[in-house]
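This report refers to the structure that appears directly beneath it.
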Amino acid sequence: MDPSELDQINAFLEGDSELREKIKDQVNEFDKKARKMVGLLNRIHFTPTDALPALLESVKPILNDCQAVIKALADSVPPNQFWRWKDMWSNSLRTAVFAAVLVEYLSSGQLASLQQVSEQLGMKEEWKDRVTLTVEDYLQGVISVVNELSRLAVNSVTLGNFDQPIKISAFVKDLFVGFSMLNLKNDTLRRRFDSLKYDMKKIEEVVYDVSLRKLTSVPTLTST
Amino acid sequence: MASSDIRTTFQSFRDDIDAYNDRRERLIKASRDITNLSKKTIFLLHRLVLENAESLDDREVYLAAAKKGYEKLREVQNAYAGLRAELEADMFWRYERQVSPGLQEYIEALSFAWYLEHGSLIPFSEVQKSISDSDGKAYFPLTVADYLLGLSDLTGELMRFAISGLSRKGGRKKAMEVCAFVRTCKADFDRFTPFIYELRKKQSVTTQSLEKIEDTVYAICVRSSEYDLPPEMLDDIVGSISQSSRSKRGDEDEE
Amino acid sequence: MDPSELDQINAFLEGDSELREKIKDQVNEFDKKARKMVGLLNRIHFTPTDALPALLESVKPILNDCQAVIKALADSVPPNQFWRWKDMWSNSLRTAVFAAVLVEYLSSGQLASLQQVSEQLGMKEEWKDRVTLTVEDYLQGVISVVNELSRLAVNSVTLGNFDQPIKISAFVKDLFVGFSMLNLKNDTLRRRFDSLKYDMKKIEEVVYDVSLRKLTSVPTLTST
Amino acid sequence: MDPSELDQINAFLEGDSELREKIKDQVNEFDKKARKMVGLLNRIHFTPTDALPALLESVKPILNDCQAVIKALADSVPPNQFWRWKDMWSNSLRTAVFAAVLVEYLSSGQLASLQQVSEQLGMKEEWKDRVTLTVEDYLQGVISVVNELSRLAVNSVTLGNFDQPIKISAFVKDLFVGFSMLNLKNDTLRRRFDSLKYDMKKIEEVVYDVSLRKLTSVPTLTST
Amino acid sequence: MDPSELDQINAFLEGDSELREKIKDQVNEFDKKARKMVGLLNRIHFTPTDALPALLESVKPILNDCQAVIKALADSVPPNQFWRWKDMWSNSLRTAVFAAVLVEYLSSGQLASLQQVSEQLGMKEEWKDRVTLTVEDYLQGVISVVNELSRLAVNSVTLGNFDQPIKISAFVKDLFVGFSMLNLKNDTLRRRFDSLKYDMKKIEEVVYDVSLRKLTSVPTLTST
Amino acid sequence: MASSDIRTTFQSFRDDIDAYNDRRERLIKASRDITNLSKKTIFLLHRLVLENAESLDDREVYLAAAKKGYEKLREVQNAYAGLRAELEADMFWRYERQVSPGLQEYIEALSFAWYLEHGSLIPFSEVQKSISDSDGKAYFPLTVADYLLGLSDLTGELMRFAISGLSRKGGRKKAMEVCAFVRTCKADFDRFTPFIYELRKKQSVTTQSLEKIEDTVYAICVRSSEYDLPPEMLDDIVGSISQSSRSKRGDEDEE
Amino acid sequence: MDPSELDQINAFLEGDSELREKIKDQVNEFDKKARKMVGLLNRIHFTPTDALPALLESVKPILNDCQAVIKALADSVPPNQFWRWKDMWSNSLRTAVFAAVLVEYLSSGQLASLQQVSEQLGMKEEWKDRVTLTVEDYLQGVISVVNELSRLAVNSVTLGNFDQPIKISAFVKDLFVGFSMLNLKNDTLRRRFDSLKYDMKKIEEVVYDVSLRKLTSVPTLTST
Amino acid sequence: MDPSELDQINAFLEGDSELREKIKDQVNEFDKKARKMVGLLNRIHFTPTDALPALLESVKPILNDCQAVIKALADSVPPNQFWRWKDMWSNSLRTAVFAAVLVEYLSSGQLASLQQVSEQLGMKEEWKDRVTLTVEDYLQGVISVVNELSRLAVNSVTLGNFDQPIKISAFVKDLFVGFSMLNLKNDTLRRRFDSLKYDMKKIEEVVYDVSLRKLTSVPTLTST
């Protein structure tokens, strides 16, 4: 190879690896915040219903803090290279989506839309070739919420809240129908969707236990 | 979101996912075609060199082969021109994993033809130019990684080229040249292994290829040393005997 | 080497990989239909007893549509090459069997025989060297039905249908006795049969819950 | 489950596993013959040129005996099931191809074509849905012959036959050009073809030694 | 190589592979019997208490028949080669132990000891270098019995036998204490022992339901 | 180095390697013994709790069990005292891989006994103290990783303890306590997973154990809600019925 | 569970792992001796022909010492448990066979028979249920000898002994013909036998080099 | 866990991970130097004998530069923690040993001793609980030298230096005898030592080719 070409390629590769280091540092920051939210949200399993709102409030400021980290990421990534680097932060991002969607569901009983989550995380339209919330990352986060809700169905019964599993069941059923509309290839998303069946089954068994014993006043949902 | 909203939303997700999968599928197929075309080009180059084994002039044979190779690779270049819209802006990076295998195979074939013509490594800019329009606008950005990984595969083909070409006239001298060339490639690439993970694995294949060529060159030297004759004369002697035997076999065939 | 022989060999090698592509496209079509039926049949778990017939009716047209795809497959596969290509579509086919058998059971309480399913999927005797329904694919589909019924036993109690588990229990017991009479050497099939025990156990537990609480009028089955 | 259907399924399953046993027994027979031929053909490496015809004659009856085994296989395999069972015997079959092609080359200096080998092994057109010689099996056998010839080139010099390597060299070069005309995608075949160049190289070295020796130490011997 | 030595070695190698075939055939026989007993014993879950003795009687002849198969095995295995071949039949043997222990418990309420089971299966002291019942095989069989009893506890309530779970509970608790006296290092055994606690838990729940039901909703029924 | 020097040098290497292997072998054996003793202690603790299921007072049973556990673990502590010389200075780090498995098993057993006595997690200092001499000098430095990994295994034993203890009087209440305790452990350990790779894998085992306990506690709550009786009374009712059946079976035994 | 039975079982479980430790220690001893012989025999590759007898003599005492270790093994293994433990020492034993056969060949030019090797290692007929030399171990050792001889053929030429390769070639050819007459079903043995071809090829190439250059007086062997 | 204990452990772990980062940076520096030496030494395969000394001289300054990096490492590692961190740099260190030993061999024909290499790399006795050259690292480096020499034997013949392989053969033989004296367990060192056999064989074949053709004047070594 021509020596000047050798040097040029080398310089290019070194620049690239510095960029990687820089992004990695920012992702570490992001990850710390994501972990912190997971740590707090883990408490839903033993927090009585009336103390839940306070717990959820404590998570929101951290969600807001994520905006700054995400902006820093967007500033680092070169134009059009979103797809090149996204794997580095998608874990943290999915965790943030998980937190946002779970907090919203436990607050309002509603599913936060991709748009809503995207805004809550401070994503800007003009960055979309550098940092954006993809459908896949959003769906991955939502599936993690379902995993958590199946555990919550069990633990809320222990806490004496017999209506929670019924509500969760209705919410998850809706989501499940939504997911079954997607044509998923044999990839991670497909595998995770398959795992939803176990969550559904578990939740259904809790609803079964509760309704068999007539422990709840809420009527169990049927299809419309 | 209410139940019905969820359904609408997921409908839009479905469209998004389907569009992604369709494009992905198109690119995989295109990439597979490109891989096949490139592989065939490589086969063709080996074949052209081998078939014209009795020709007088090496240079001529190699140049003719390279020319035919370039022609065949024009099909690949046209295919890339057709994919231009699919790979616009950040789309190249999104589908990199689908595009890279074919691209590397193309670079391998192109660099083989280039080697036959120039006896040197094709520069980055030439590869990029080959997948750009007549105004020099690239169909998509060529990455350094794809460039290097494609070149790294070239060493394997050069090994085949050197060893199967041994019985050609001048094949022994050519093997020594290839040996030196592959050695330089290996040394040059070594510098980049810390940056490109896959290159590390490919380097060990290159090392094996190099050792196979070294063993071949070694065997040549051992033999010429024993008889202490200049290589050309050896070639002539062996050639004439094989030739006479071959024509004899030809006679038998006619029976 | 003879040039004409060379050409023939070359043509043969190239034809093979085109054929694979073509079959793959048709299998993708088949797979979409199979998944769609699974999506619809998932609704049995939250559909009240009286709305079930309508749901089952909505599945039947898709089952019929499978006939066209299967015919297309049969037209693509060269004579005598059933065993060469069958692994490509056996997953989709088993899912179709699952749908056919489940629909039949929920409609009539009967097990659809291999012959019946084969006809329903439009398999022709004269294709049997290209596309056919093997005993193994049929049995795999039937086992999947049992997996689904154990979940249905739970959910029908939630929906207030206390007789369904008792009926399911009798049907599955019958099937289980049938399967235990087979000499399954085939490893996959045997392992899946072994897994039926868990379904049986779950169904028995539902029947236990229901009869302990005297919620049903149907007498629980005993051996005859 | 309907008892008659059960019986039918059971009969089918048992038949299948008996069939496997039966085919396995016949493949064992085939394998014994194939190995016997390999054992005999191994002697070419230390058999003087004039004794070679007798050795080759001793192999031919065994080649003929293969016809009976192959016929037995064809009789056992149910119609249309060639692709189901072929992996069981393809090793033995490739060895038989190896033997047929090697014997033919050593007898006549010619490459036996796929058609010729197929006939020699007694394959019938009307069996082709049960037992047939595929292109791949044929090519694999031919490559094994080249491997053997590179060894023979060495040993024939030891035995004082200096023309053999030169003939082998011409034959193998032709074959190599032939193979390089094929567009091989198949991995195994491609890898085995790659190995041929080492055989070529080895044979070349022998030709080199012999040519030079003839001129230097054995000048009286000239090629005829 | 000395021809007579060659013959001897060959005879040895062939004898060995025939022996393997022979043992395999006998193990197949053994397996059929074992599965037949499992099939019959599966009926305990829907057989009313008064019909149980008859069912158990129907198993005993098959248990006796196992003696012949085991004897045949002992006759086939060469002296001192127990450890060489035992893995081939240990699955069937454990199933036979399972059957023997379950039948004994359901007949007499007692745990059949290793010695008793060994005798019932017709094991002879003088075979112990060829076929014997090891501690591990015995314990594995016993654990399978406990798995089955937890299912029986559930089903006997469905069949109206409310005392059965209470008896089973006492028996299993005793066994559990027994197992916990063993210093298990063996991984499989330890893991299977671990699973026993879930059986205990399930049985406990049934006892709980039955006890409370007796006192709350069915006060007239008292334990006899 | 000349031929003969090479031989002498390699002789000294041999001695070095043999010494290393011998010590390693000794430590592996000692560690295996320690693992076995610790496992046996854990079995013993489970057994003691289970055997005295009918005893009146939980506290007493647990205290007695813990005491016996400590006694048995003294054997382990003596073994470590004996290994002191083998693990001096940097030797501990050299043989860490051989020592750690046994050490973690020991910590698991010790923390189980401690939990039975105090209902809490044993502090780091207490573990280090237990493997120090009477002057408080450690036989070897305890690493934070071994400490945490040992404790992480404890959660599995507590799961077994909670579920097999269900049928004891008060077992239901105990299961709920254990549930809360294991939850806290899991949350505490989460903080350390970025630092200790093996802890990440063990945390998923802990999560599974926790979910098993949660399912158990859930089943208890579902049932007590249905009958709407205070847990103690439920225990008494079930206990008396099982008891009467058991004594009846006892009679049959005497026949 | 009966306390005395429990104790017995416990004792059994503990005894087993102590036995393993004990056997392991003895195998370590055996292994040291085996390695020492390999170390010495490696010198054949650079020992001149006339110094070879002295080298072989230095190996024999170690071969004799193996008898004591093997006896110790036989004393440790419980009656009838040869097949349970043999895998622990088979590597060392095969190395000892290798040494015995190689020494014998280099001393007398003969192949030591299984019987001879067995005696040389001090195996007693009455131990055969604890320690014995199986056909497989013997053959594995012999194959290792061939691997070594192909290397020796090369090195003896370097040392100026041009007759050695010719002798080795005859010996190995003989062995090869012998091996091809065996019906090797055993996979490992078969694969190792297949590898012999490479050794044969190498040896043949040496013979080729030597005879091409007329460096030897011994006539090269032809088939009889 | 007690909050203050939690904090303490956390602080400790953070300190630890900072230390790891620091060491990693220094190891990166070390690695760069090691790679540079390997790059230069790769040229021995095509450098004519008379240009070799100049090439070796160009490596020596880099070897000296390693001393500074190694000192920095020793300053970072806490007392007694050599064995805790050594895996981080052992690769680089072994490469440095490789370079030192290869340069010494090509300069003087001698094996550099552990002591010599240790001094050349600037290791101080008083650091030995933090950074030191272990026997294993030294031997690993030496084995890499042998790997390289087997390739050099081939290439020096190509360069017309027929004596080099003979010298290399003698050197490697000595080393091999040394290695065979070690009692290696089944670890990396053992596996690498096993690989030496291939290098030896390769070198022996080169020596064979050269001496067969009488291309060298140096007498080939025999054992002493």
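Odds and ends about this structure:
By letter and in written order, the chains are A, B, C, D, E, F, G and H; residue numbering begins at 1 in each of them.
Going forward, contacts are C-beta pairs under 8 Å (C-beta built on N, C-alpha and C of every residue); 3 or more make two chains touch, one makes a residue touch a chain.
Chain labels with UniProt names: A, B, C, D, E, F, G, H = Translin.
Here the structure is a predicted model, which is why all the values come from computation and not from measurement.
Under the touch definition stated at the top, chain B (Translin) and chain D (Translin) share no contacting partner at all. Of all chains, the one whose CA centroid is most distant from that of chain F (Translin) is D. Of the two chain pairs considered here, B-H and A-B, the higher C-beta contact count falls to A-B. Annotation: 44 Å between the Cα-based centres of chain C (Translin) and chain D (Translin). Between the CA-based centres of chain D (Translin) and chain E (Translin) the separation comes to 52 Å, rounded to the whole angstrom. Centre-to-centre separation of chain E (Translin) and chain F (Translin), using mean CA positions: 32 Å. With each centre defined as the average position of its C-alpha atoms, the distance from chain C (Translin) to chain F (Translin) rounds to 48 Å.
Counting partners per residue, chain D (Translin) has 177, 181, 183, 185, 209 as the residues that reach two or more other chains.
Residue positions 191 of chain F (Translin) each touch two or more of the other chains. Screening every pair of chains for touch gives A-B, A-C, A-F, B-D, B-H, C-D, C-E, D-G, E-F, E-G, F-H, G-H. Every residue of chain F (Translin) that touches chain E (Translin) in the complex is listed here, in rising order: 36, 39-40, 43, 46-47, 50-51, 160, 163-164, 166-167, 216, 219, 223, 227, 229, 234, 237-238, 241-242, 244-246, 249, 252. Per the touch definition, chain G (Translin) reaches chain E (Translin) in the complex via residues 1-2, 5-6, 9-10, 12-14, 17, 79-84, 111, 113-114, 128-129, 135, 139, 174-175, 177-179, 181-186. Interface of chain D (Translin) with chain B (Translin) (complex): residues 109, 163, 166-167, 169-171, 173, 176-177, 180-181, 183, 185, 194, 197-198, 200-201, 204-205, 207-212, 214-216, 223-224.
For chain B (Translin) in complex with chain H (Translin), the touching residues are 180, 183, 186-187, 190-191, 194, 211, 214-215, 217-218, 221-222, 225-226. Those residues of chain E (Translin) lying in contact with chain C (Translin) across their complex are 32, 35, 38-39, 42-43, 45-48, 51, 151, 154-155, 157-159, 206, 209, 213.
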